[in-house]
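Letters A, B and C mark the chains as written, and numbering starts fresh at 1 in each.
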Amino acid sequence: MKRSRRVSPTQAVLFMMTLISVVGLALIFFFVIREGYPIFSKVGLGKFLLGREWLPTRGLFGALPLILTSLMLVVGSVLVATPLGVGLAIYMVEYSPRPVRRFLKTIVELLAGIPSVIFGFFGITVFIPLTRHYFGSSGFGLIPAIVVLAIMILPTITAVSGDAIRAVPRENRLIVQALGGTRWQTVRRGVLPSAFRGIITGTILAEGRAIGETMAVLMVLGNAPMMPKALNQPAAAMPSQIALDMAYATGDHRVALFALGAVLLVFAAVLIFAARRVGRQRR
Amino acid sequence: MTSVMRKIVDRMMFALFIFIAAVVTAFLVYFIFYIVSRGYTAFSWTFLSTAPHGIKMEGGVLPMIVSSVYLTLLTLLIAVPLGVGGGIYLAEYAGKGRIVESIRFAIDLLSSVPSIVFGLFGLVLFVQVMGLKYSMLAGALTLTLMVLPIILKISEESFRAVPDAYREASLALGATKEQTIFRVVLPTAIAGILTGAILAAGRAFGETAAVLYTAGMAPLAPVSPLEGGRTLSVHLYLLATTGHLEEAYRVAVVLLVIILLFNLASNWIMNRYRRKFVSEAI
Amino acid sequence: MKTTTLLEVSKVNIHYGTNCVLEDIDFIAPAHTITAIIGPSGCGKSTLLRSFNRTNELITKTRRTGDILLEGREINDYDPLDLRARVGMIFQKPAVLPTTIYENVAVGPRLYGTRKKSELDEIVEESLTGASLWKELKDRLHKRAEQLSGGQKQRLAIARTLALKPEIILFDEATASLDPISTQKIEDLMHRLKETTTIIIATHNMKQAARASDNTLFLMAEEGEPSRVVEFGPTELIFTNPKVEKTELYITGRFG
């Protein structure tokens, strides 16, 4: 009787391998917070999060400009990418013939696989001049960053909402079709209400990607850590500022960068939490 | 009249959807064409087989290719066994208890950690505390944590996709659970595992932020895992942000082509085995 | 005012892929009558009903030959969307949209551009009353429809169809999941609807067919063959004095 409950050595080893993820996650939280914590006790958590000036060389560590910029990037890119991403998903599932669908699937997968540094480079050479041309200024700033981010998160939105749309039972479509609904009305009234949660989950996951995206944003944002004033002005976001400053930061500055990392971690964790909650509440 | 209206709206929405699909497709085509048309001179033996020199970083990218390949292989070497092992556990042993639920949650969280935070973490733990300095090993350990969730999820999925009949047949022949898993289930799921590994390789190969402060930026080809190096992606970043655009195009082409090859490979395997794991991994 | 709508079915064959399930079906449904289609499970009742408003083709690859005439005109010559608005259908499986009770009824009028709240309110009340749901649900109109019981869902589906005031209504086993009281209500409703519509029902319930319908169409297949019309005629005759022996055996429950 006892023998059947005993864990075999193989099972124990496999369990340990699974635990690596948990241990790794714990270590990440531990080290990032440990390295960043001193700034909270020195400057104060409130002053760090709400301070409006980020001038590390003068000992001013107000992260609000960086946090705000990051949030603006997230909101902006999701606003741009959601209609496109969901539209593409609807087209793929509800409209496109099989070969077209497979082709588009490949396109979306390719897009998802392109490294962010190449997007950043493309941003520098294509979107920056365009922004400069149409919006004046240097071209660096929130506009090209939002465009690049929108392209980068589109595959996430398309993949997740496509799965949700595919999962809608055929009966729901049939209800609307039997009333004489057009194809679009069938999608609008028979499909989207059921797929809504899945689509929201997709956008939340996309927000997670957008808030953490570093290189592409770093390369087109202009990296001016000031309160964002206009969409065509340079700004700085949390991840990009970390990546940029880490090259030379020492002392409190370095500590503050880790603190930013901790804030980013919290944002990412909250988003995953939200995505799981929304995704799970299915009737 | 409204009955005409709704048909017009239907037409317009249809046109809109086609337009969206066309725009996304056109963008990707333009994107690839734009970069390749400006950097195609990368397809030259000298560029691929020599080191860069001089202030303008002219010359080749051999050390960067070596660094990128080195780093990716080292990452896979560590991450694939761990991820597949974890995938086996989750698919074949784990129940539905709270512990397993929290493990799954931790894996989700890990997959959401921003890459620059991986970089910060790797810098503290691997580079400094463990004293690995900027090195291939420090970079690979950092990337391992980053790609682990992908491999875990995809291999778990592919284990679950193996029909129970296989397991039952093997057990009925007197094989133990372990023998069944390693001799029957694992070989059957190999396509999925391979797909996961390739996807992970693509991520690792293209990653910049997590590598910058763990594998370093030294433009030299590493030999031992304790030496640092500059990957292609880091090289592209440095060239692009210092205005060396001509060289940057060429590096981007190399990077892009290799990533496309990864993609084609995983697509090919997936099509061959008619599985559909990718939507989970994106 | 009585309409002249009339459904005429002649020499209809229906195939799924290469598999012929219905062959040489002939019957007519005069305006303002109730026609019951009876026959053993799998004989093609649902298939036939669905072909009348062309929803069959939405489900699988299917092929129909022969004529189905609505007001003397082949239904394939109508715009399928308009046809479906005129020929409403209640499906065998009760299904609701994942939204409120109110919206489940209002969805039809909304498709055709009715926006005004007062108008929609009126239609919803009328349709729910018609499906004898109004009293039960009038205080829960804005609750979610998924919470309803199976029988309520089915009546909600009827209300949804009524909201478009179709000329023909196809009921596919619409009362199969209802209790006797609601079934009675639906049958009363069918009687009232005869004033304005033509009704075709598919049913397993012989008593219902006998009680509620004016004409009965009995379909059945020989082993391994497509279904054919065994007998078609006034319900009274079919149930009291069938011409074919098979019909008598079937309706008295002795085989099939």
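We adopt the following convention: contacts are C-beta pairs under 8 Å (C-beta built on N, C-alpha and C of every residue); 3 or more make two chains touch, one makes a residue touch a chain.
All of these numbers come straight from a predicted model, not from anything done at the bench.
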Q | Mutual neighbours - chains that touch chain A and chain C alike | A | B
Q: Report back the single chain whose CA centre is most distant from the CA centre of chain C.
A: B
Q) When you take the mean of every protein CA atom shown, which chain's own CA mean is nearest to it? A) A
Q. When the centre of a chain is set as the mean of its C-alpha atoms, what distance in Å lies between chain A and chain C?
A. 50
Q: Round to the nearest whole Å and give the separation of the Cα centres of chain B and chain C.
A: 55
Q | Centre-of-Cα separation between chain B and chain A, whole angstrom | A | 17
(Q) Residues touching two or more other chains, restricted to chain B: which are they? (A) 6-7
Q) chain C: which residues touch two or more other chains? A) 81-82, 111-112
(Q) Quick check: what residues of chain A touch more than one other chain, meaning two or more? (A) 182, 185
Q.
Please output the residues of chain C touching chain B within their complex, sorted ascending.
A. 81-82, 111-113
Q | Touching residues on chain C, where the partner in the complex is chain A | A | 53, 55, 58-59, 81-85, 88-89, 91, 93, 95-99, 107-108, 110-112, 146, 157, 160-161, 164
Q. How about chain B: which of its residues touch chain A in the complex?
A. 6-7, 9-10, 13-14, 16-18, 20-21, 23-25, 27-28, 31, 34-35, 81-82, 85-86, 88-90, 93-94, 102-103, 105-110, 112-121, 123-125, 129, 145, 148-149, 152, 177-178, 199, 202, 205-209, 212-213, 233-234, 236-237, 240-241, 245, 248, 252, 255-256, 259-260, 262-263, 267, 278-279, 282
Q.
Under the stated contact criterion, what part of chain A meets chain C in this complex?
A. 169-182, 185, 189-190, 193-194, 283
Q) Can you name the residues of chain A that touch chain B in the complex? A) 8, 10-11, 13-15, 17-22, 24-25, 27-28, 31-32, 35, 84, 87-88, 90-92, 95-96, 100, 103-118, 120-122, 124-126, 151, 154-156, 159-160, 162-163, 182-185, 187, 205, 208, 211-215, 219, 239, 242-243, 246, 257-258, 261, 264-265, 268-269, 271-272, 276
